[in-house]
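Residue numbering begins at 1 within each chain, and the chains themselves are lettered A, B, C, D, E, F, G and H in the order written.
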Amino acid sequence: MSVSEMFIALQSVLTADQDIREEIRREVQALEQTAREMLTLLQGVHQGPGLQDVPKKCQKAREHFGTVRTQLESLKTKFPADQYYRFHEHWRFVLQRLVFLAAFVVYLESESLVTREAVAEILGIEADRERGFHLDIEDYLSGVLTLASELARLAVNSVTAGDYSRPLRISTFINELDSGFRLLNLKNDSLRKRYDGLKYDVKKIEEVVYDLSIRGLNKEATGGAGGEK
Amino acid sequence: GQRREEKENVNPSSAVMVSFKSFQLELDTRHDKYERLVKLSRDITIESKRTIFLLHRFISAPNGGEILNESEVKLDGVRRKIKQVAQELIGEDMYQFHRAISPGLQEYLQRSQDFSTSNSHDKQPHTCSLKVTPVDYLLGVADLTGELMRLCISSVGNGDIDTPFELSQFLRQIYDGFTFIGNTGPYEVSKKLYTLKQSLAKVENACYTLKVRGSEIPKHMLADVFSTKTELIDQEEGLS
Amino acid sequence: GQRREEKENVNPSSAVMVSFKSFQLELDTRHDKYERLVKLSRDITIESKRTIFLLHRFISAPNGGEILNESEVKLDGVRRKIKQVAQELIGEDMYQFHRAISPGLQEYLQRSQDFSTSNSHDKQPHTCSLKVTPVDYLLGVADLTGELMRLCISSVGNGDIDTPFELSQFLRQIYDGFTFIGNTGPYEVSKKLYTLKQSLAKVENACYTLKVRGSEIPKHMLADVFSTKTELIDQEEGLS
Amino acid sequence: MSVSEMFIALQSVLTADQDIREEIRREVQALEQTAREMLTLLQGVHQGPGLQDVPKKCQKAREHFGTVRTQLESLKTKFPADQYYRFHEHWRFVLQRLVFLAAFVVYLESESLVTREAVAEILGIEADRERGFHLDIEDYLSGVLTLASELARLAVNSVTAGDYSRPLRISTFINELDSGFRLLNLKNDSLRKRYDGLKYDVKKIEEVVYDLSIRGLNKEATGGAGGEK
Amino acid sequence: MSVSEMFIALQSVLTADQDIREEIRREVQALEQTAREMLTLLQGVHQGPGLQDVPKKCQKAREHFGTVRTQLESLKTKFPADQYYRFHEHWRFVLQRLVFLAAFVVYLESESLVTREAVAEILGIEADRERGFHLDIEDYLSGVLTLASELARLAVNSVTAGDYSRPLRISTFINELDSGFRLLNLKNDSLRKRYDGLKYDVKKIEEVVYDLSIRGLNKEATGGAGGEK
Amino acid sequence: MSVSEMFIALQSVLTADQDIREEIRREVQALEQTAREMLTLLQGVHQGPGLQDVPKKCQKAREHFGTVRTQLESLKTKFPADQYYRFHEHWRFVLQRLVFLAAFVVYLESESLVTREAVAEILGIEADRERGFHLDIEDYLSGVLTLASELARLAVNSVTAGDYSRPLRISTFINELDSGFRLLNLKNDSLRKRYDGLKYDVKKIEEVVYDLSIRGLNKEATGGAGGEK
Amino acid sequence: MSVSEMFIALQSVLTADQDIREEIRREVQALEQTAREMLTLLQGVHQGPGLQDVPKKCQKAREHFGTVRTQLESLKTKFPADQYYRFHEHWRFVLQRLVFLAAFVVYLESESLVTREAVAEILGIEADRERGFHLDIEDYLSGVLTLASELARLAVNSVTAGDYSRPLRISTFINELDSGFRLLNLKNDSLRKRYDGLKYDVKKIEEVVYDLSIRGLNKEATGGAGGEK
Amino acid sequence: MSVSEMFIALQSVLTADQDIREEIRREVQALEQTAREMLTLLQGVHQGPGLQDVPKKCQKAREHFGTVRTQLESLKTKFPADQYYRFHEHWRFVLQRLVFLAAFVVYLESESLVTREAVAEILGIEADRERGFHLDIEDYLSGVLTLASELARLAVNSVTAGDYSRPLRISTFINELDSGFRLLNLKNDSLRKRYDGLKYDVKKIEEVVYDLSIRGLNKEATGGAGGEK
């Protein structure tokens, strides 16, 4: 093979690579669009009457996840299965966002933390690297951290909407999450930075709980919320 | 093209060649040592960081010997590495390899200070034959303030409202100290001033929030707060 | 300051805590592997560089087995390290750790191409289970041209006037190849174009100088040159 | 010790350090001045009649080394003996230049390469780290590389001055040096970069030798130079 | 045509271009001056008594827009109409600022979002690219984002001034804006970055509303504000 | 005059210049030391009890200004009066810092903005370029901007220390300053960038005032503070 | 019109814009591919035997320009004619490269400088801004500067290939070019910087001519080349 | 004086300063234009027949210096005499270029180095700082270094033009210059860096002389040139 033939071959490899990236980018854009729609839908819970139709919003979100699964299914076909990390950067961001959305829906439905396996199932991908297109653990954790700050915001808006019990339950939930994260040895990377933000979310929720407790609203809440939930 | 004769070869046992052979040995030995120190430094950094995480766990949930034991094990590992570094440097001028070991040492220093701030069992610094330069020490201290800031925010989140005020006092002293040193030190030190100022601001803001929200107690249902407090204290006693 | 109750502790055996414990293990394992690969990559880089120096020595003074033996020993060392890398990556997606191993691999590639360009004993690439990405390959090639440029200048210095013309031919082909790829590759590749252009210019200038000075032979004491040449050829034969 | 006392102590350490550096800088400036004077002196060999009074120039240069020794003696007293590498950067450059000057003088005198031990002696410092203020091996090598490019220039100017034998001798010398350097495994540092320059010096000298040989001036030279040297 | 004749011709083209830029720069400076004056005027609403004479401030601002229109009219004459984007960078920044000022005035007057068409009219330029000197869509959006952060500040200062109803109305408005922006698929980097800031403004305003709610001041507000508005 | 005589003459000029710079540097270092001590002193006001002995701290700072005046007096003698701008860069930074310190002391004493003339007097230099070693207008403005961010910090720490009235007064002051700066048409890049920071200081202080207002602490403050001030 | 309706309308404008950019990018990529192929083709002249078939290479390049014209024709249709400068950045780089290629071909054919009008014609675009998709003057100049450094390389390689007359002609040409550029008052920073490089090209070529002159090869050349050209 | 009055006063000072800078910039542009014309004129000496009419070129250049003097005279009036260093950066570059042009003319006329006093006179400014608008010593040295590299180029081109004696004279001159510079202890970074370039000019010229020597052309030269000069 002559030098110039070799470079022609190399260029065709590079071009193929670029084409793959182009296709991946297109798929990712579609995913981002769906994610944005879900986000708009779920943002509704922060506004006054929004907390009432949580179940309906969750149901609608679940339908969107059907679209997401189809889109991810299509994404998988765009590149060789064993080169996940070669193209990881392309979908990393949107996958973290989808993890957050799944975790938010599951939290709103059952006030529990979605497991990595459960998110993978909701998104129609694998939890385990060996088995195919999977959910990287750092992306899962990153999505969970987004949930934490969304819940801090929800605690604030629940009070505005007159629901005094939810902040207390959020507080318990977030404390457990915080303890979980404390177990991890994070490097000085983006996850570590985002984890530092969790402390502020915990602090914010603690302040809401404090505001409720000094006004005795926490008891009222505990009473009232029992029936609501 | 035309080909011309190649030059005659140099006699490989000439004085010049002999001395350059010894230079080869000397340089290779030096580079190899540098490499070993870089690797040790990376290990020390990682293990020190993990020990810091361990201590944050201990502080937030001081439930016992398990974590302390674990941290002792980790610490032993780090100390062993440091001993290795010290051994590599026996008879050497440590400044020659300073760049290789400085990051690990700073992280270790930070860890050991963090530890001694929060755990009175172990206040004296570990004796190891390594000299720590004042600049490394200062950089370690500056890095420590970042961890303390994190501790402060966590404390507020955990409902502990004394620690922030104590920490703000301490951080302010460190900040004033760095201000006092200003640009008399090397560039790396004055560069830290900005990060330090930000950490201090976060802690001061936390104290401010505690004060402001604390200001409301007396006016709203004061009695109720007291009863809650008693209740919770009872609960706490029941637990312990 | 006032002290408030600390929060109740989280149950350490809850589902969340159990899964985070497993996350801890998974992340630590991954980071440890990454660290090991970084260290291996550093070793491969250093040893590959040393092998390149060895080969330059061989080229300039091809006096035998000693250097070739030494280089075989070094090469074995590098291959062992590469095997270790391959072992670490068994069952892994190599792109996950690409950043850790890429520098070492590039340096190794450069070395092995350098070697096969100059030594026909060993033309086939070593089989190892590592896949080399085209980008790493290109970067390795670009780096190689730097070494070839050095070789070219040395050749002129050693009175060898064929090698430069051969090398300029070869470098031009590589340069044309990179031009052809242009900015269709990633940024690192197009960035190399500039260095490559400079290396090529150095080689082209060397050829130019050879040509220009060669142009004077016929006019000045042509016969004398021929006699010198014969003389030197005799000498050379006497040596071999 | 209170925090503020500690910082006062630290500042006094830092100030002391800066004072040391200030004093070192002053000594180094004096050394640079001497080095510059020696350089001007030795540059004379490149000019027409300069090659004649080489011995005289060398002798004068030797006298300057007396000054250098006194100045280095004074430099040594400015910092703790075991912290050589802490302040190395300050004198590194001038020391390399002095190595070059010593190597140039020795070459002009005896057409041989000065050893590390010999340079150290000329400068009145140690060759060995353990024994005190010493000559770092990389600084020695760097100075030797400067010699190589000075000799390439000298080869050119010798021809202008009508001395056709010197380039041939320089060629032999520089070839040996080149072989020596080839033995070293250099990192990608400033020494490696400077070593790359050696190739151009070798090439330049080879060109001069070539120019002489195609004109038959090399033989004339070999004949003529025997008596001259 | 000789090379030098050719270059003389080229130089005259270059000079003409430089002259245009110089004139544009002068016009833009005048616009910046007017914008700065309007800003100072409208900043008054953040201070204690400022909220009372909002109408008067708006009226004065409207007068300034007269000046702006004259200045923009003059700017238009400085370059060929079809080269808007050739010189866009020169006035981009000040135009975004003017959009913000117009949007702020309109909000203060009617608590509604000014449309692109309306801004264009206020500034005396076109909303439509084809019709001449127009308002680029990204500049419009950028100005609107500035409005959002100004309103977050206004929410805070309204409470200080004792107006507890305004934050609630701002909250509704900003939520609508946020939903609007979520409909956009922003590619433009600087705009996307500025949009990320909107999230903080939303959160800030929610916290103000929370503070009012937990103290029961929001009810008080709705009562009191009904008449005020 | 031969070339070498000419260069010897030039060197003597260069040496004189370098000596001047060396002396200036020494004076500036002394000034920096004094400035650092004053800063450490005045930072004490942020400490809980620090607000009590503000008058004492100010008095001590005033004494330091005596030292500053002596040092500046000495600095002036080091170079010809008409070459202020030749060496400006050397003292620019420390002069800005001294302006800040003077402005801070004056604010703490009288809660008013120190004028350029007053700063010049405190420092023992001229306000007016024509009359000698003076205070450059940009250096004055830069020092004033540093004051603004120091006051933002002071507002926060005053509340922590239980002083609820100070933030209100700081807010009024900083708003006045902000309006002042808006009158300027800043071209100087570094100053303009620093001015952008003022916006954040204004906002921070407004939020402090808000926090006090919503808890009714501002009224309490005005009551208590009336007598205090 | 509600806020959300308004944003839907805005999004459709943004989408249209993004689509245009996407299409432009595709066209530009095709142009880059053609340009790269031409470059590889023309670089052949530097190869030893390459100088022989210059006419053939030029002819082939001329054919490529046919493709270029088609591609530029297609590019023009992708956006409104009056928005040239809105999207200029997209094709700026490739257009400069094409100017260089055209200038190189014309030089190889006739050893003269292609005019802006002639380049425009070769590329099938306008030289005049008013008449449509045109060649910006700075892009033309930038391409011409690239020619200069290519010719410096060609001068070197011509000698290697045994053509001693070409460097002399290149030298005359490049000197004329240099004088031309000196007539311009360049403000554009990137162009000015590139122009500084011309100085080195001029010098390089002068040194080649020098090398030939000193060996009497220039006379030989002029003789031989007279017939060749 | 209120804060706002104070800032209005400050603004008027700032405006005055900006106006001065604007006027200075205009004058400097005119100077640059004249300098460019002179450069084009003097560049002619590098080309074949150019060396013949050196005297005529010098005379024309002398006329241009008349324009320069008028322009500098006008520049001086734009700012107070004691603020030279406040605005130094504006004219620094063009002044260095004018020094070079003066030094080049003087060299061509008399093959000697122009003194600082002589340059100042040619430019119609002062050599002495105290006496008004003067020539800074570093700007003088910088211009002289430009002369050195111009002469290296001239040495090369002289040979091409068949003048074999000029390089020898240039070599002597440049060696003297090099010795002169070695007398200086340069601290100024940009000057030191430019000085490092002198070394290459010296070497280049030595190689030209070498090329002449080895071919015996230097003797031929001395003979032929004796009459020419």
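Here is the rule we use: a residue touches a chain if its C-beta (ideal position, glycine included) is under 8 Å from a C-beta of that chain, and two chains touch if they have at least 3 such contacts.
Computed from a predicted model, the values in this text were never measured in an experiment.
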| item | value |
| --- | --- |
| Identity of the chain that, by mean CA position, is farthest from chain H | A |
| Gap in Å, rounded to a whole number, between the CA centres of chain G and chain A | 50 |
| Chain B and chain G: spacing of chain centres that average the CA atoms, whole Å | 56 |
| Computed distance of Cα centres, chain E from chain D, in Å | 66 |
| Whole-Å separation of chain centres (CA-atom averages), chain F against chain H | 43 |
| For chain E, residues contacting two or more additional chains | 179, 183, 185 |
| Of all residues in chain B, the ones touching two or more other chains | 7, 10, 12, 28, 31, 61, 158-159, 176, 180, 216 |
| All chain pairs that touch each other | A-B, A-C, A-E, B-C, B-D, B-F, C-D, C-G, D-H, E-F, E-G, F-H, G-H |
| Chain E-facing residues of chain A, complex | 29, 32-33, 36, 39-40, 43, 46-47, 153, 156-157, 159-160, 162, 208, 211-212, 215, 217 |
| Complex interface listing, chain D residues touching chain B | 3-4, 6-8, 10-11, 13-15, 17-18, 82-86, 88, 113, 115-116, 129-130, 137-138, 141, 175-177, 179-181, 183-187 |
| Complex interface listing, chain B residues touching chain A | 49-50, 53, 56-57, 60-61, 150, 153-154, 156-159, 206, 209, 213, 216-217, 220-221, 224-225, 228 |
| Residue ranges of chain D touching chain C (in the complex, touch as defined) | 178-179, 182-187, 196, 199-200, 202-203, 205-207, 210-211, 213-216 |
| Partner chain G, residues of chain C touching it in the complex | 169, 172, 175-176, 179-180, 182-183, 201, 204-205, 207-208, 211-212, 215-216, 219 |
